[in-house]
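Common to both upcoming complexes is subunit A, partnered first by subunit B, then by subunit C.
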Partner chain A sequence: MARLLAQARFIIGALALALILAVAPLAHAQQPTVANPTGVNPTAASVKEQQLLNALGNGDAIHGRVSIPDQKSANLIHPAGRDWRHFHEVTLRWIGAIAILGMLVILVVFYLVRGQVKLETGYSGRRIVRFNGFERFVHWMTATCFIILGLTGLNITFGKPLLLPLIGEPAFADWAQWAKYAHNYLSFPFAVGVFCIFLMWIAGNIPNRVDVNWLKRGGGIVGHDHPPAYRFNAGQKMIYWIVVIGGTLVAASGYLLMFPFYVTDIQGMQLAQTVHAIIAVLFVAAMLGHIYIGTIGMEGAFDAMGEGTVDVNWAREHHPLWLEQEMARTGPNESQRQPMATPAE
Partner chain B sequence: MARMKFLCDADRCIECNACVTACKNEHEVPWGINRRRVVTINDGLPGERSVTMACMHCTDAPCAAVCPVNCFYTTADAVVLHSKDLCIGCGYCFYACPFGAPQYPRVGNFGSRGKMDKCTFCAGGPEADGTKEEFEKYGTNRLAAGKLPLCAEMCSTKSLLAGDGEIIAQIYKERVTKRGYGSGAWGWQTAYRETIAS
Partner chain C sequence: MKSFMLACVAAIGIAAIAGVALNSVQKPADRAFATEAVRL
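Showing the complex of A and B:
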C-alpha cells in the first residue's frame, strides 16, 4: 500500500513537472520583452512629454508642481521662446530697418526734390508767441528723453550686429550696461512728458473739418499751397496723436518688462517686448519726419520751439486761423496776452 | 571632445530634490536662485512623473541667439556658458529659454535684475579654471577637475545622467530595453532636436 502511494506521488510529481515545463514557454511567449519580470508597464499610463507638447496652445507651457518657493519655475518646458527669438533676431530687424532707413530715404529724396518750404512773404520782423516757456520745457524734456531712449533701445536690437564688431565685446558691454540704465530711468521723465503733452495740447488737437481740407490740399507740403489751419494743422495733429498713443503704449509695455512678474508671466513679457519694439521703431521713424519738418524742412519753423516766437508772416502763411484768434486777443508785438474783456469799472 | 548633455530618466526620479540641494551647496548659489529644480507633472494623479530640469545646454542655444551683448559662448564640450562681466541683466535670455534656466539675483528692482545666473554644467566660466574669481561668479569647476556635474553624480536613483550625449543615451536605451519601458528623454527634442526611442 505504502509502495503504491509512493509510486502515485512520483507519477503525479512527474506529471506536474511535465505540465510546468510544457506551460512555461507559453507563459513566456505571452510577454513581449524578455526583461520585464513583473509584466507591468508603468509608462503605459504615465504622462508623456510628446502628448503634452502636442496639446500645447500658442504660448502655453508644460506646467507642473515644484516644492521650492519660486513658483515660476513650475513651468518645465515652454517652447514659445522660439517664436519670440525669431521675432527678435529676424522680424524686428527687418521692420526696424525698413521703417527707419525707409523714412530717411524718403526725407532725403523729398528734400532734394521739394527743397525747403520757404517763407514766401519774407520776414516781417514782428513776432508772436507760439509756445511759452513751460510748453518748450516739456517739449525738450520729452524730446531729449526720446532721443536717448531711441538710441539705447535701437542698441539692444541693432548694437550686436552693427556696433559690437567695431568696438569689441567688453567696451560694448559697458556701453550697453549704461544704455540700459539710461533707458530704464529716462522712461520716467519721458512718460511724465507724454502725459503733460497730452493735457497741454489736447485742446488744439481735436480733428475737425479744417483738417479734411488741409489733407485734401496735401498740407501745402507737396506743392506751394497754403491751406488754412488753426494752431495745429492736420500733420501736427497726427504727430500729437502718435506721441500720445504711441508714447502711452511704449511706456506701458516697457514697464511690464521693467517690473517682471508683477503683472504678467514670461509669455506676457514676450508679447510686451514685441509690442514695445514694433511701436518704438515706428515711433522713431515718425519722429524723424517731425524733426525734419521742424528744422531744415521748413523756413522759420524751428523758432516756434526754439525761442518760442514765430514771425507774423510765418504764422499768416501756415496758421492763418490761429493768427486771427491771437490777433483778436493780443497786439502783434506784445508777448503777454491781454485780458479777453475789460473788467467793468 | 564630448558633447555634454543632461538626461532625466523620469521613471526613476523620486522627487527627492537632492540634485537641487547638491547644486545649491556645491556652487554656494545665492538665496532665491535655483539653478536646478524638480517639476512634478500630473501631481497626485495616475501616471505622475517628476523631472529634474536645469539649463539643457542646447544645440543652437536660444539664449545665446537673443543676447544683445553676446555674453554666451559654447565650450569645446558643447556646454553653454556666459560671462557675468559682459551680462547687462536685460532678461532677454529668460524670455527665449524654453526651460526657464536663467535666474536673476534681484527681481523687479527698476529693471536692475543683476547679472544672470544659470547652470554651468559644473564647468565654471570664462575665468581661469579653478580660481577664486571663477568660483565666486559661477561656482565650482568640476569639469576642469575631471568630474561630472554633482547633481547627476549624487543622484540616489541614478535618474539624472550627465555626460557625453552618446554614452548617456546608450545607458538609457539599455535601461529601457532591460526593464521594458521608458517615458523618453524629457526636453531632448526641444534642446537637441532629437529623441530617444522608448
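Showing the complex of A and C:
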C-alpha cells in the first residue's frame, strides 16, 4: 500500500512538473518586456513571415488596412517597386552617363578632327533676316527653361552620388529643394514654348526630297560640301521633331508625376518616370549637339538666333534654296531686298 | 539680347503664375491625408 502511494505521488509530481514546464513559456510571453512593454503580440493577427516571403516571390503587393482617408498607405510592400528602384538607381545612371558623356566625347573629338565649319566665301557685309523677334523670343524661352530643367533633372538622377559628397547634406538639401521647385514650375513655360515651336515652324519642317539629298551628302558637315536646303535642313528638322515629340513626351510624363494618382496608379507613375527619365537624358544629349553646331561648330550660325540675321553668303552656302525663295519674295536682286536685308553693323 | 531678356522674364512670369495656381489647387499633406474620424 505504501509503495502504491509512493508511485501515485511520483506520477502526480511528474504531471505537475510537466504542466508547469508547458505553461511557463506562454505565461512568460504575456509578461511585459523592455522591447514590448504592452505585452501584446504585435504579429498575432498578422501574416507570418513565410507568407510575406511567398507573396514577395510571386511579385504580389502586400496590403494592410488603415482607417485614414489615404487608402494607398495600406500598401505595405510592393515588390515591383524594387525593379523601379533598380532602374532609377542603377540603369538610368548608366543610360544617362553613356548618352551625355558619349555625346560630349563625340563633339570634342569631332571639333578636334573637323574643326569649325568656316564660312568659305567670307562675309558679304549684307545681312538677311533669319528669325524674327517672336521666333527668337520663343526659342530662348524654351531653351532657357530646358537648360534649367535639364540641370535640375540631372540633379535628381546624379545629384546624390556626385554632388552630395562635394557640398554636404545641408547644402544639397537646400539646393535639391529649390531645384525641385524650379523643375516643376519652369515646366510650364517650357511646355508653352514647345507648343509655340510646333506651330511656328511646322511648315518648314516637313521632310522632303531635298532632305534625302542633304543626308546622302552628310549635310556638308564632313568635308567642304554644301548640299542645298530650304529654310531648315534635314539636321535642323531632326532637332525640330526631337524637340516637339520629345518635349511633348517629357511634359506629359512629367505632369503625370506632378499630379500623383490623379490620372494613373503607382505602376503607371513608375512607367511615366521611366519614360520621362530616358527621353530626358537622350533629349539633353541631342541638345548638346544642337548647341555645339549653333555656336562653336559653325561660323556665323549663332547670329541667326542671337541677332536674328545672317550674312547673305552664309545663307547662300547653307540654305541656298531658302535664300532664293526670300529673294523671289522680296525682289529680283539684293539691292531691292529691303527691308529683309540690312547692312552689317 | 532683347529677345533673350524678354524670354527670361516671360519664363519667370509663367512659372510664377503656375506656382500660384498649383498651390491654390493642391492641399498640404497634413490636410490632404487627415480626417476628423480616425480610429486608431
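Here is the rule we go by: the second predicted complex is superposed on the first by the 256 of 345 C-alpha atoms of A that agree within 3 Å, B and C clash if a C-alpha of one lies under 4 Å from a C-alpha of the other, contacts with A are read in each partner's own complex, and residues count from 1 in each chain.
Convention: contacts are C-beta pairs under 8 Å (C-beta built on N, C-alpha and C of every residue); 3 or more make two chains touch, one makes a residue touch a chain.
No experiment lies behind these values; they were computed from the predicted model shown.
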Subunit B versus subunit C as contact partner of A:Y185, first or second or both or neither: both
Which of subunit B and subunit C A:T144 touches, first, second, both or neither: second
Partner chain in contact with A:G308 - subunit B first, subunit C second, else both or neither: second
Subunit B versus subunit C as contact partner of A:R217, first or second or both or neither: neither
Partner chain in contact with A:H290 - subunit B first, subunit C second, else both or neither: neither
When both partners are placed on the shared chain, which of subunit B and subunit C touches more of subunit A: B
Partner chain(s) touched by A:H78 [first = subunit B, second = subunit C, both, neither]: first
Touched partner set for A:R93, first subunit B, second subunit C, both or neither: neither
Subunit B versus subunit C as contact partner of A:S67, first or second or both or neither: both
Contact residues of subunit A, present in both the subunit B and the subunit C interface: 67-68, 70, 73, 181, 184-185
Complex contacts: residues of subunit A adjacent to subunit B: 32-33, 35-36, 41-50, 52-53, 62-68, 70, 72-79, 81-82, 84-85, 88-89, 155-157, 159-160, 164, 169-170, 172-173, 176-177, 180-181, 184-185, 257-262, 266, 269-270, 273
Touching residues on subunit C, where the partner in the complex is subunit A: 1-4, 6-8, 10-11, 14-19, 22, 32-35, 38-40
Of all residues in subunit A, those that touch subunit C in their complex: 67-70, 73, 133, 136-141, 143-145, 181-182, 184-190, 192, 306, 308
Contact set on subunit B toward subunit A in their complex: 10-11, 15, 17, 20, 32, 34, 37-43, 46-49, 51, 53, 62, 65-71, 85-92, 94-100, 107-108, 110-113, 177-184, 186-187, 189-190, 198
